[in-house]
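This report concerns only the one structure given below.
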Amino acid sequence: MTPVGLPHYLVLSALLFSLGLLGVVLRRNLLIVFISLELMLNAANIALVASARFLNRIGGQEMVFVVIAVAAAEVAVGLALLAALYRQRPTVQSNDLDALKF
Amino acid sequence: MNAILTMPEMAVTALALGLLVLDLWTPADRKGDLGIAAIGGLALILAGSFLFGAGAPQYAFGGMYVLDGMALFFKRLMLGVGVVALAAALEYSKRFAAGTAEYCALILLAVSGMMWAASANHWALLFVSVELMTVTFYVLVSFERTRMPSLEAGVKYLILGALASAFLVYGVALVFGGTGTLGFAGDSGPGLGTGSVLVRVGLALVLAGLGFKIGMVPCQFWAPDVYQGAPAPTAALLAAGSKAAGFALLLRVLLEAAPDWALEMRPVLMLIAGASILYGNLCAIPQRNLKRLLGYSSIAHAGYMLLGIVVLERAGAAAILFYLAGYACAVLAAFLVAALAFDPGEPEEIPALAGLHRRSPYLAAALALSMISLAGIPPLVGFFGKFLLLKGVVLAAFDSRSFGWLAGVALAGIVTSFYYYFGVVRAIYWSAPAAERPPIAVSRVAGAALGACLVGIVAAGVFPSPLLEAARLAAGALRIP
Amino acid sequence: MQTLFPWLILLLPLAAAALISLFTRPHRDLSARLSIGAIVAGFWLTLLLFALPGAAAQAYETRIPWLAAGGLQIDFGLRIDRLSLLMALVVTAVGGAIHIYSYEYMRGERRFSTYFACLSLFTFAMLGVVFAPNFVQMFFFWELVGVSSYLLIGFWFERPAAADAGLKAFLVNRVGDLGFLLGILLVWSRLGSVHFGELERRLAENPAALGAMATVAGLLIFCGALGKSAQFPLHIWLPDAMEGPTPVSALIHAATMVAAGVYMLARVFFLLAATPHWPAALHFLEGLDALEIIRIIGLFTALMAGLIALQQDDIKRVLAYSTLSQLGYMVMAIGLGQPGPAMFHLATHAGFKALLFLGAGAIILALHHEQDIWRMGGLRRAMPLTFWTFLIATLALCAVPPLGGFYSKESILAHAWHQDKLVFALAWCGSVLTALYMFRLVLVVFGGSPRRPRDAQPHEPSHIATWPMLFLAGLTVLAGGADVEGFLAGGAQGTASLASRLAGPLAHAPFVMLAGLAATGLGFAMAWGLYRGAYRDPLPARWSTLASALRQRLLLDAWYARWIGGSFEALACLASGVDRWIIAGAAVRGVHGSVELTGRLLRLAQTGKVSTYAFALGCGVAALLYWLIR
Amino acid sequence: MQDLLFYVFAAVALIAGFLAVANPFSRNPLASALFLAVALVAVSGLFVLLHAFFLGAVQILIYAGAVMVLFLFVIMLLDLREEQKRRARKVAAGLASALALALAALISAAALAGGGPADPPALEGGARALGRALFTDFLLPFEIVAVLLVAAMVGVVWLSRKEAA
């Protein structure tokens, strides 16, 4: 077995990223969609940290720092939006939200 | 450190924060003054931005931030867009019980995000500026938190926007993994080394992320739904500002950072451009909702502007800049009218525009001019932009037949678009209203903002030289290797 | 003065339009006077330009820099040469007459001032096309002509038909204009200039400069004329445009908008005549040059419109199809490589066709907006002046000497004879048709006895309306003496004596002249036989009913009715059917319908469900990656 | 040893991730949120393996801590029960899985083709190095993220405030 290197981490991150995409596409529950999006961002973070480690550049880690902060902000806004939505109409199913179409 | 270069962005951010703080001490009946102050402040910053000369590119923050002609052009454009959007917001926010200051402050923050994006020379700055813009827009789109369409649009924009951001950041990660640098320039030369397949795949993901901002196929689905549901000033800012920021970044990435890759991707980009033009124009035909129509048409306009990218030349970039400025004027005017001409809560149906010329000749003329400009009829600015974009493609058609096809598709799209744009004009002037409705009073601020857009539409169409010269200078600053 | 006058001619109507719409809207009379004053002043200034020593002798330009960015240098200027002066004269003379006539015709209109503002705007746009020295400026004004004609045709927008017609005219023209635009872009990108003079010079230096795109560029530019001059298959807007006020029809169908296409072709003739060459993809067309295609389209339009005109019952529609047919002749002349005769015919046609429309307007007004010719009849006595002017115009249209139309049409036919006998033969058939449908019109409308309610007492229009008609009648009579072709060719004026010029056709091509006269005679005889005293159109009816009435005497008539008339009828039906169903139906409605259907289907992708959107986005990205990696 | 840990953490992250997005046993968002937390902890373990100790800590603190609390809070607030069974959407599930698999395969192919032979790990990114870099090279993005957080905060406050009657 080859020693674990950058490709291993990248493949792992690709798998995790696709898993997140699967959730976004498949799931109708908005909360789980948000969870899937978090998973996708984490996949990117793995790729960034691994690249930073193996290419000896600290930039990747700094980028991860930024990504985590941005992800937190996105989740906060998303959940607040969900709460506001729930107040108007008690549903968190994305396919109930199809008044705007065609 | 040349931090002084970032003055305009800093000033906009400070203005936004100041607005939020002042809001605490402002009595409820004086909130409108805050909006006026914001407009005045932004206009001052716009004026101040002319103190910067468009000389050689200047860098700050270790080369992460670049101030060159193109960045300056985009910043002025975004500041102008911001002023008009604020005026619209001020008018529109009379509908909310509260929140004028928050709305204006968020618009300012979004504008600052766009301005950072115009100067991005580094993936990290690209990412955070895009995110600043996007996260702010999540709130701006769903700002009418008691109106379902606004909330629905907000949710859709958030999910798809976050998905696009995920693609973007993952692409950045792969590019970083392939090149080891987060700057747009590689170690050896001006462009990134794009030999490795990792970098090429990463750039494709970045393209998808930025394509979301400009609303190109296949990332276009959000546009009609969000434009329809969002408050009109937000939609105006999305159409004029967010699209401009997307193109600013796309130009930097494709022409400066990765020209080899762009050349490789040229067939795909051409396909995307053609598909966007056709999709936007065809879907717009049966539309009855004005904002939704503008959403579809924005997809088509993204396609037209991509024509300026696929030629991969400075002239094409200049055409995009010119077109963006003209498009901004027209689309801002259209959304301003949409914000003023409909009652609160009323869906923006086109048949409801019947008799508008009697309710307010000014609004009617403004909307008609904006539609004619979007359709690209001379002598308005939309014509000249299309003319320049098409010229590049026609010129390239001598070398490659596929460009001939692209020109044909673009023309077919333009012909199709006449139908629905003139449907709007017709509804305004040529159809009888179902019921007599009261005249519309246009406030001084909104009227002035609308007037500024109209002057832009007409003046830049009749005397395109100054704008064209500015666009050429700005595009000349692109460091195409 | 040489530079000041053209600017004044161009800008006076604009000033009038601006003044009316900004200030004088409530003052109806003042508005009309401003508008009329502007164009009449333009007419006198044009005449003065002709009279100025040397003004017409050589082309010159006056320009102000307008757009200079990078390699792009476009001026806003005026090109004054024989071609533009002639066209300006036509526009201001005929347009002026129509302006004055409108004053009477539109008297009761609520939006009287608006009408004149639109009229002035239209005149401004048209003069802009005439004086344009480069493609970009010409295209600007070209579009402005489109917009202002949209306003005029749809002036009575309360009537849905009028609004539809305006929109149709506008949209159909856009289709042609986009081809035009593409042609301009092609020429510009190949030759590096949009300036007519410069282009001509560069093309003269290097005839192959356009390379493989020569023919394509020419044809694309022709597309613009196809729309504006209503040539097949973009002719469909013109008959519908009759929904506009009658003076507008006169203006649009006679002197200006439809003429703009022919004028443009004459202006850029050097491009059309460039060495034919096709790109590799279209190599199988090698040998076919642009002019040939233009010729065929012109001829086809002339014949088709002539046939359709035979069976129209609306007086304005007959005239509309007749216009189509005459425009076909002009385009054919261009296609024959003869812009001179084309412009000559344009000038004479502008006069007499405007006169015909003004006459039709007088009749329509006198009969309280009755447009069906079968409810007219016997107007010769009630409206003698209208009758005589209408007759003069008809004779001119049918090429009866010594009226203007005779000389212009003979010139076209003579060139056809010299170049292509088949074209000549078909064009000759068109002449027969022209005489047939025009005399049918005259006989039915003015001849016979009145066919209308007794209380209707038609009378001549007032003096304000009759003066323009007399003026145009005078022009029509005198136009034959003008040596337009010689003038355009740059020859000194007045070298040939008037007599020799008037007898020109006899001297140069006696056969053609005689054949042309025979065609007119034949058409007249057929019309006389079929329509003298007719109460309804005999062609659709069975011939036996006709025969039972006047079997002995009308044996010839019956024979006509059965054989020639019958076959004409079938042809006319066919042509009309092609027009209505295939072109209007399949092409326009079909294309429009299928485009709309595609739109409706395509937008079903917009399901409103966010997961669909995400899925599509993901698929797009996956496809992109696959393309990169494969 | 380290390689073994990589495989362990990777497996945990993938399995927990899968259970978070497409749990075949439970449609309860609460379960999804908890599995996300497990996945995030595993990712944090990977960070530690990559010698990004500070990021590993941040990952636990911010994600597994703050973000997860937010999720749970909202789930409780909205009183979301188990999602009622909807009719099985086999086609949609098949299409989505195919898309995810295709994307994973494409990116993995790029990773394997572009990565080349594994470089030796080099970077030692402690808190000190990261901190210094954040306040020098990365000062600008860092500040902009601060502005972004302000914007998000304003938005959250606005969206979750009850409409004044």
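Just so it is clear, A, B, C and D label the chains in written order, and each chain counts residues from 1 on its own.
The criterion applied here is as follows: a residue touches a chain if its C-beta (ideal position, glycine included) is under 8 Å from a C-beta of that chain, and two chains touch if they have at least 3 such contacts.
All of these numbers come straight from a predicted model, not from anything done at the bench.
Participant: Just list the two chains that share the greatest number of C-beta contact pairs.
Facilitator: More C-beta pairs are in contact between A-D than between any other chains.
Participant: Among the chains here, which has the CA centroid at the largest distance from chain D's centroid?
Facilitator: Result for the farthest chain: C.
Participant: If I average the C-alpha coordinates per chain and also across every protein chain shown, which chain's average lies closest to the global one?
Facilitator: Closest to the centre of all protein C-alpha atoms: chain B.
Participant: Go ahead and note the Å separation of the Cα centroids belonging to chain B and chain C.
Facilitator: 43
Participant: Quick one: chain B and chain D, Cα centre-to-centre, how many Å?
Facilitator: Computed from C-alpha means, the inter-chain centre distance equals 31 Å.
Participant: Find the geometric centre of each of chain A and chain B from their Cα atoms only, then give the gap between the two centres in Å, rounded to an integer.
Facilitator: 26
Participant: Indicate the whole-number Å distance between the mean C-alpha point of chain C and the mean C-alpha point of chain D.
Facilitator: That pair's centroid distance is 70 Å.
Participant: Quick one: which residues in chain D touch 2 or more of the other chains?
Facilitator: Each of 92, 96, 99-100, 103, 106-107, 110-111, 113, 115, 137-138, 141, 145, 148, 151-152, 155, 159 in chain D touches at least two other chains.
Participant: Two or more other chains touching the same residue: where does that happen in chain A?
Facilitator: In chain A, residues 6, 10, 17, 20-21, 24-28, 33-34, 45, 50, 52, 55, 57, 59, 62, 66, 70, 73-74, 77, 81-82, 84, 94, 97, 99-101 touch at least two other chains, as defined above.
Participant: Which positions in chain B touch two or more other chains at once?
Facilitator: Where chain B meets two or more other chains at a single residue, that happens at 124, 127-128, 131, 135, 138-139, 142, 145-146, 155-156, 159, 163, 174, 177, 197-198, 200-201, 224-225.
Participant: Provide the residue numbers of chain C that touch chain B in the complex, in ascending order.
Facilitator: 66-70, 72, 139-140, 143-144, 146-147, 154, 157-158, 163, 166-167, 170-171, 174-175, 178, 181-182, 185-186, 188-190, 213, 281, 592, 595-596, 598-600, 602-603, 605-606, 608, 610, 612-614, 616-617, 619-621, 623-625, 627-629
Participant: Residues of chain B touching chain A in their complex?
Facilitator: 123-124, 127-128, 131, 135, 138-139, 142, 145-146, 148-149, 151-156, 158-159, 162-163, 165-166, 169-170, 172-174, 176-177, 180-182, 198, 224-225, 228-229, 292
Participant: Please output the residues of chain A touching chain D within their complex, sorted ascending.
Facilitator: 1-12, 14-23, 25-29, 31-32, 34-36, 38-39, 42, 45-46, 49-50, 52-59, 61-62, 64-66, 68-77, 79-84, 86-87, 90, 92
Participant: Show which residues of chain D lie in contact with chain C when the two form their complex.
Facilitator: 92, 95-96, 99-100, 102-103, 106-107, 109-110, 113
Participant: With touch defined as at the start, can you tell me which chain C residues reach chain A in the complex?
Facilitator: Going through chain C, the ones touching chain A are 603-604, 606-611, 614-615, 618.
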